[in-house]
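The two complexes that follow have subunit A in common; it is paired with subunit B in the first and with subunit C in the second.
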Partner chain A sequence: MKSFSFFPEQPNRRTFLKMTAGAGAALAIGNIPAFGINPEKNDALNIAIVGCGAQGRVLLEACMKIPNIRFVAVCDIWDYAREYARRFLKKAGHEPNAYTDIEDMLSKEKNLDGVLVAVPDFWHAPHTNMCLKAGINVYCEKMMSNTIAGARSMVETMKSTGKLLQIGHQRRSNPRYLVTLNRLIKEANITGRITAANAQWNRAVADDLGWPKNAALPAETLQKYGFKDMHVFRNWRWFREYGGGPLSDLGAHQIDIFNWFFGTAPTNVIGNGGVDYYTTHEWFDQAMVVYEYQTAQGVARAFYQVLTTTSAGGGYFEEFMGVDGTIKISENPNITSIFREARAPSWEPFIRQKLLAESIDTSAPKSSAKVDARETAALAAYKLPIVLNKAIHQPHLENFFAAIRGEAKLNCPADEAFASEIAVFKAIEAVDTKKLVTLTPEEAHV
Partner chain B sequence: MNNANRELHDPSARVYRHQAMATWFEIHIVDDDADFSRRAATEAFRLLDHLEYLLSRYREESEVSIISRLQPGEVFAANDEVMACLSLALQMSQRTMGAFDPALGREIDRHKGIKSTHATKRGRLILDPVTGRISCEEASVTLDLGAIGKGFALDRMAELLEEWGVGQALLVAGGSSVRTLTTNRSSVPYWSNSLSDGGKIWLKNAALGCSGVAVQGAHIINPVTRKPADCPDRVWVVAKTAAEADAFSTAFMILSKAEVLEIAGRENLSVACQPRGKKVVQWLIPLDEFLHKAYFEKSIN
Partner chain C sequence: MNNNPKSPLLSAETLGFFVLRGWLGVRALLTGIEKFSGTKTVTEALLGADGQPDPSGAMVEVDKKVYGLSHYHAIPESFQTSFSNQPLMPDFLMKPFCWALGPLLIILGLTLLLGIKTRLSLAVQGVLYIMLTSGFILINQDAGIAWLGIHIVLIALALKWEKYNRLTITRS
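Our next item is the complex of A and B:
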């Protein structure tokens, strides 16, 4: 074998050893106290989670970053998912009891302060109502329900029981969205009058979900809980009996942002879409809708698109277009950007106040003090200088837990979420009928 | 592609492809059930996307980005996967005498001409794998797990596929990281992988990692000089896991032959090298000296 020829000027071993053992080491093992439960404060909350699938796991992971939360129960009809959650929590120092059935859980767990509901949509209303009536506060994932009647019943139960019902529109607690709405739009009015909005969620083609060999649920269990078979159980989002399809699964978040930012529900909607690509789905794989809003500033129109056949077009975002500027915001900060129209007053004061960060494109002239002939200038672009140093669901869960302790108001109570819920149902109706669908203020409230 | 045109030993394998971590990933599965294979691969790719979301330093909201922004005295409760990857990165730093360094993000940015907003002083992160918490000392640390993240993801994906009941699979990231999964349900337990000189190695429950400068140019940062290292064109390492193979192959790009021999002997690794400007692949520790024959066999052309 020829001699092995590494380069000639490598650092020697002594240098490297010094780095790993001494001040040069960037990582080291040490003891950092766990969040644990604060025995002095005695305000730990007893929490259960119902539904330990993909979304349930997201919530569990976010909860692990929040102090003084004690998971006492996990519930899921699928032992594979339930065991995952139980093991996950046990590893983090929790000792949850495991249940297959929520009624069994509620009959045995008598000290619950809150339940996180992350089951398929058609179970949201029954499970949430059951918990509220048992005197337990609920954080329920969106959509609230797969039917208007179901969603309405949740608001009514929340009101009649006086318990808290937070709906999982987590952007409502995201400081980046809160600053955008409250400081940039309402206070600084950097967009001027908003005349249009645009939002989308585009995803590449994805295969249906499967399950591990030997992990299929027995047919009788599936039937007991309303599922035709294991394939439907795993892919309920695509079937009309169980959920609302992509306009609901993805669109609900962003249509809620339309309502929240405009401060009202839409008055009508037109739409188009269909099951154009997939052969095994009942719900649209692509849909495009246009809402009309009567805002305090005048009419605004909002276009929403959800495509599950392509990831092209820039991912997922919401964009609010005003006469002075446009704010494009997303949970993904890399997609967020802010554009100033040439006619707008200077934004330098907002930069000094740290509401905006410096222009991304520095080639654009900042003032018109002198005429400077050059290539066509791009719109000046700015950044939102707000960084979320948390998991994206964490602030919304923190808000829920703070509300249970009486330290905060819910950021998305069910009665407010209902207006977004009804807007989604109306969009689905518009796509189904290909007709203009109207929404009255009475319909948007319970 | 750095190292390999993959040659599947079993032509019945079904191949699935996905983009993540700024490269492509492939999963080859041998199973009679096409629907099951496709959906198992889909689930593994979902896990991959989740890991990228957690580990990418190019996403402002990732946990690695959040940890890199920690200021002295701040504490962060890390996700299990993030803690596992960082703990392994620390281990790999120690096992390579510091030649593998997961905290060179600032230097990599500088090399790429990216303006860094991170502190110039090199700080330290304290990891507590028991409580899952990370604290920052002295100054922030700009993590870059590029030299271990893809391998870490392949290992986790292989675990998931095994849990799902996949008996035999080959997982590849960008052509530079390979992980094989073989169980007692495997019909053909070995996967062959070809190197740049046409030589083949056969893997059974083992991993192959390749680092090189032939494709990306001089991008491997020397932790001592903080500048791009002068190194051979390529180094291959066969190890038990893809994360280890990745980290060792990066470290061996900048260590001396004596140091590589010492580490490889201690760690039971096989190592090959393509010296700068040469076509030939030289085996520093040939495969037939490799000690883990239980999961590895060789055939070199």
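Our next item is the complex of A and C:
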């Protein structure tokens, strides 16, 4: 792999004029995004995307401001989604070949540096393993698989082939999360010992996804790729054969944050939940689970809730509660706050370092606001001033591409993601059985 | 320079008036300038303890105070809404008053500090504070009324002792 550089070599006057003239022409034509994607560059990475549905589009859009990548192939069994992706990329100056079948794509595209896999969960393991065995690095959306065996096989294939496998837990590359963990928790220890965590994703009731009537896939195509019918194809997330339900779709991201911040996998989990509202779904629409973690500082308990029946309760966030302070963080900066206990040492040095910003109310807690003598006064709240001026998936994709070029280590390699994967599967088991489910360190590693 | 022969330069009365004039001048000048202040949010690299950019590439938003015509605000937005609901404060009066308030305070601050038409400047400042007080009365801002009342007392005292005015550019 050639080393990455915006200019391949120091330009002389003539090459500089050529480059600026080319850039001017490109901008005038208007088909190249302003940040400087130039698919014609020789050192651009050749990338393909498999799965051009909602999540695939999110990844494509996040890639549009990353320089020096060239989409050479799009693959989707649904021509409606595939054509959307092809046109989208063409507008951005790429010339991707379109494929229905991944095996066909891999047999014809011989210069791929990386593949983005954004197909339904039950195809993650087969497609990822196929690409890795073909010698191609893979960025695979989470969950890794709809089965533990599938997820395990992905780690094993990554190890045996020596290729890169990044799992799409994009928070692990988000500077807001990185600074929170590395600077505020590990370095500054502003929370003190973390004894509890709390995370949730509450989402309003939504109708099942439909499709344009003239765009329905033929029954034989659906059958070939494992789908019962078009409704299941569009709403696979709600069916047990294809995905893991809301605990997997939404919870996997946040349960991964539990593991990442605690530096370990949980030891057990209890849960409750069910299909309480929807009549057309197999997966539970409400789930609440409690994990137990044996951290380096002692025991910590983490509550996780996913509700797809109400958006009340504050949206989506992860909250780490310590004896000196609490960090409530979300991909949405408006939901992020940091609370200081009255007993904590001064946080002024962290404000000076710009790790914290004075916020909503940093005044001393008022004891007069208490209505019960046993109540602790309200906490002073601070802001996290770190900003991410990019699409939320962009830093994680940038990390993947930098790792392909040998310039970075993956922020979420499959073997690390596997521990989070197992934690989600155990939570699903706990909800299904309504029993305490244990997780051994051996189970969390491949 | 205009020197009043009746009042020695270093007399207590002269110095007393000088500091009173100075206080009222500074108060008006800086209040006027602040009406042109605003906040600009800039993004800069987060630095580590070693002064180097954080390895995560984190950027941090920092609010910086800036001045400019585009930031001009005669009165706080919350007051503006309250004033607009007052039938005794019609728009055709409010608009020119708001437009003039900041520049007028700056001019009054400069004339008081430099000693240009001191008596007239004090009188205009007094009228201005009476107008502001009227607004505060209508929207029940008792603290603001009391605060402006202190200013009015100082202006009245300054007018009473204006005969001790020294170190001026023009006669009162």
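In this section, the second predicted complex is superposed on the first by the 386 of 446 C-alpha atoms of A that agree within 3 Å, B and C clash if a C-alpha of one lies under 4 Å from a C-alpha of the other, contacts with A are read in each partner's own complex, and residues count from 1 in each chain.
As a working rule, contacts are C-beta pairs under 8 Å (C-beta built on N, C-alpha and C of every residue); 3 or more make two chains touch, one makes a residue touch a chain.
No experiment lies behind these values; they were computed from the predicted model shown.
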| item | value |
| --- | --- |
| First, second, both or neither for A:A206, with subunit B first and subunit C second | first |
| Which superposed partner A:D101 touches (first subunit B, second subunit C, both, neither) | neither |
| First, second, both or neither for A:E443, with subunit B first and subunit C second | neither |
| Subunit B versus subunit C as contact partner of A:N389, first or second or both or neither | both |
| Subunit B versus subunit C as contact partner of A:E83, first or second or both or neither | neither |
| First, second, both or neither for A:R183, with subunit B first and subunit C second | second |
| First, second, both or neither for A:P175, with subunit B first and subunit C second | second |
| Partner chain(s) touched by A:E429 [first = subunit B, second = subunit C, both, neither] | neither |
| Larger contact residue set on subunit A - subunit B or subunit C | B |
| Common ground on subunit A, meaning residues reached by subunit C in one complex and by subunit B in the other | 387-389 |
| Subunit C to subunit A touching residues, read off their complex | 43, 46-49, 54, 56-62 |
| Subunit A - residues contacting subunit C, complex | 175-176, 178-179, 182-183, 353-355, 357, 385-389, 395 |
| Touching residues on subunit B, where the partner in the complex is subunit A | 35-36, 38-40, 42-43, 46, 58-61, 63, 66, 69, 75-77, 79-80, 86-87, 89-90, 93-94, 96-99, 101-103, 122-135, 141, 163-165, 222-225, 229-232, 254-257, 259-260, 273, 275-276, 278, 280, 282-284, 286 |
| Of all residues in subunit A, those that touch subunit B in their complex | 1-2, 4-13, 15-20, 23-35, 54, 61, 64-65, 88, 91-92, 206-214, 331-334, 387-392 |
